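Please read the structure below before turning to the comments.
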């Protein structure tokens, strides 16, 4: 893996976006453009995943599902403990931040896919299921942690069942999850001939569209990053340490429990290391209005996302390679 | 034609959109995205049609033109009579609804094209001319029917020549008609070498973009469908019966009068069975302000469009196949 | 070069847009669609240029840089003198208009690229550098001319250093310039394998997307053109004469000084003949608020741009061909 | 007042700012009070007791809507009394002021 | 009033809601009355005598525009008397109310 | 007034129109005066002393923003006195009028 192979266009466009933000350029993509590309990318990743799944053994998908649920439930608890014990972060902010780290970032996942494609590494069909599954459970855990925090704080805990129900329904009717699952189902259902007709749109031009998405994300990350002073040194360090903790879990699970190839391990690691900025923030805003959104948004968009895109992915890949070469258990 | 060949991605995405609406997902495509895809699809269908026409005998296009005019004028009158005689619908609502059934839906046409492409059936170049021509005449007939209705109602008929002129000009300067005719002309004019340069954008990725369009239309149809209670059983039945009546005419004309292949008959049938939701609604809103828009929009977007996409197209194709096999008159 | 080879789809779509405006069609593309396509095209042209530059001798790029700077500084002064001496245009309007003619129009450049591609003519890698460089210097010259004009007018010249600095910073952090330079850098940096992954999006479908852009520009030009009465005969003639003067300079420089091929000369000529409607108008609005925007916008968007697209490009190509054949100095 | 008063009708102008999510419920309540005209502005942002809302924000996607409605005083009372009990949950704000309706357009109030 | 009155000028605030299609004609009329400032909000929706208008509606695509304009009383009279005869055809609404202009920005009224 | 006055609080309504570029500075000033609520409308157009602004214009891309804010009179004074000196540079306009706040939503003023 030479340096030039690290120069994946998608990542360079991310850097370009951050640079534009840094030099205070007036570059700005229309907000609707962003929404459109996200819709397109989610459908593309779903279709591709669905097609791959259709050709693979569905029984073997079960371990991936379990792993996804374990990450979604376990990682927020780890995060909460670290934030409370080491950082003395107040309980409700800790709960809101933690929830983000149990969920995933489709943008990071797609960048990893682009990275692997760029260096010609293949991967299993199952991580995409994990991507779809991991969006929601963390939100539930976030709710539980927030409820626990309120009890700790001694405040009256209005057992807001309505809110709880509302959020659970939200978590499953959420637009991006629906698109992902829906297009996975469609990708799995259609015939090869039919799939070939839509492949040019959803696969051939996918990597290029991803570049534009990441350029926009770079600007967004840059904007958020500039607020990191208001967030403090501890939280910024947490925003880098937490994905590393997730990554260790991901590497372990991907290699020893799931037994995937290097590409597959990399993707599982990226999922465990990444942190949501789509489904979780609005849910936490609603469920934990006492928490400061600028904390979790700065961490998720301004620190963890760029860290994963620029530093994380190649490192996770290198680690997966090392692990695979060293502890090949079969 | 196996079941799996019916699973055209475009139609599945339509179903996904309706499903999203049904479960009250927060999935929502930006309104501008919809406008952009429509612009793209209209240009694509126009260019493709123009190119095909350039290579075919223009003299043979004339029967198609006549058929289009006949559908555009005849079907609204049939619809009006049914609505008045069987449904006791008040005259002005009947006029407004009728006009929609003489015009066409480019979305239905493109879905049919995707369906035929999916099962590898070819078709004549002429139906696309019919698509372009059929948008407008129905608006005129709608105006005439509305005038007649007002006279029937005995109200003073302010001979609003200004409005009439305004609408006729509108009907011919209408953006979508202009795009369709304009790109047909361009498709016919440019050299093959030039066309190949723009083909990847307008043809290669067409079917994929259509999926996104239909997903959005599914949500729109679902939204409208949910209002069907306010519309009543008779009108909903009409929204299913009328396309069938149109389809019978289309099958007859396509097979016996135009003598097209199975693919061509299918497209002619789809044109006769489909119903406008682009050009006609705003025109009727202006010309027949007394009519209730929720009637004609629910019928056109919520009943007839989904019926045609999900049930109609495959049935029309099966019928065309049967007709072609049975009454092959040459 | 037959007539049919002139029927480049991109130019025909430009004509369609103008036609739509002429017949007062309600055709209208969403404003965000325009912004999105511009972003896409700039990145596409930048990547392509960067890739080409990476494969060519960077030392030989220097003359192109000098030529770009010379055009950017020289042409506005020529324009200013003509406007003042022949047209008796008031100094501040003259300054604002002049600045536009030293800068370039990426839209015209891309149309020229489409034209050359359509007739299968190749060109050097360097003109794209000129495109990127020429955006800004003209703004500076415009500022100088405006300052000079104010002194001529005898008014107190508040030496607005803040504004000056602000505009210079703007000129270099300007979004479109950043996108162009940034994607040129990325195109030059990435490996061939990586580039091939994004090529379908940025190259394969480029020409088609350009058609939609030009259709929109045709409507914009048509809108502006309709205001030409308020601008007067002299200015309209200037809007046609000035690109011709620029073209003569471009032909001379491209052929005798830079020694490019016919395709390269054509592009250099187009750059010298074209006139900005992206970076310069907002800068002049800010820097010369006394000038009437409808003057420079009508000239740039309504006169010079359509003239270049429809008449200019093929003529410049023919002239380049003639020059190349006649005065081949090597 | 120099404008001939016979072309002006004294009215109330009600201006409501509310989270987009609650708009359906609010409009239903307005319809129930037989309001016959209002104007809606979408995609507004703002600051309030629940923090900032910015329709262009990438992650949070929270929009305000503004409803402006002109009506006669007794109908204004009607509207206010109807929505008043729900305002606590809606959040946002509801302002009333005096204005005059220029006679001319259809009486959509 | 606690705000020093020497930085406030009593004025009229005119607020017009109109179908987007009629905006050009309206603006021409305003320009004819030498109005020197107004603010325009596009893509508004609403309910009125001609039914609902929703800029995001897929099929009907009908938008309202809002024009807000602050001016001195005599100019307000001018504006109202000029557009009054056309309001019947424009539809929508035209409200007038009292306000105060804070001295400072260029006198664009 | 027929609406029970105990659910209404007399307030001031401040309406500022300003070039989008100056919005950050303005909002900072408002935050400095402890304003706790305002509503923002983006992408407005208009006419003023610096000419036309049309957010949909292809070449010039100049937008206005509208800020509406309701507050008690003393706070209104505060706001006006704070922004008054900068209004000359901001351009646009700043109007004040009387209104009444309907009690109910959180007191975000």
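Order as written gives the chain letters A, B, C, D, E and F; numbering starts at 1 within each chain.
Criterion: a residue touches a chain if its C-beta (ideal position, glycine included) is under 8 Å from a C-beta of that chain, and two chains touch if they have at least 3 such contacts.
Please read all numbers here as calculations on a predicted model, not as lab measurements.
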Shared chain contacts [subunit C and subunit E, defined touch]: B, F
Which of B-E and D-E has more C-beta pairs touching across its chains: D-E
Chain separated most widely from subunit F, comparing mean CA positions: B
Chain whose Cα centroid lies at the greatest distance from that of subunit E: A
Separation of mean Cα positions, subunit F and subunit B [Å, integer]: 48
Distance between chain centroids, defined by C-alpha means - subunit D, subunit F (Å): 17
For subunit E, residues contacting two or more additional chains: 41, 50, 55-56, 97-98
Sites on subunit A at which at least two other chains make contact: 32, 200, 204-205
All pairs of touching chains, each written as two labels joined by a dash: A-B, A-C, A-D, B-C, B-E, C-F, D-E, D-F, E-F
Sites on subunit A touched by subunit B in the complex: 32, 35-36, 39-40, 43, 170, 173-175, 178-179, 182-183, 185-186, 189-191, 193-195, 197-202, 204-205
Footprint of subunit D on subunit A - complex, ascending: 31, 34, 220, 277-278, 281-282, 285, 289, 293, 297, 300-301
Contact footprint of subunit E on subunit F as seen in their complex: 15, 17, 41, 43-50, 55-56, 64, 66, 73-74, 76-77, 80-81, 83-88, 90-98
Touching residues (chain side subunit E, partner subunit B) in the complex: 50-51, 55-56, 58-62
Interfacial residue positions of subunit B with respect to subunit A in the complex: 4-5, 7-9, 12-13, 16, 19-20, 23-30, 32-33, 114, 117-118, 120, 200, 204-209, 211-212, 215
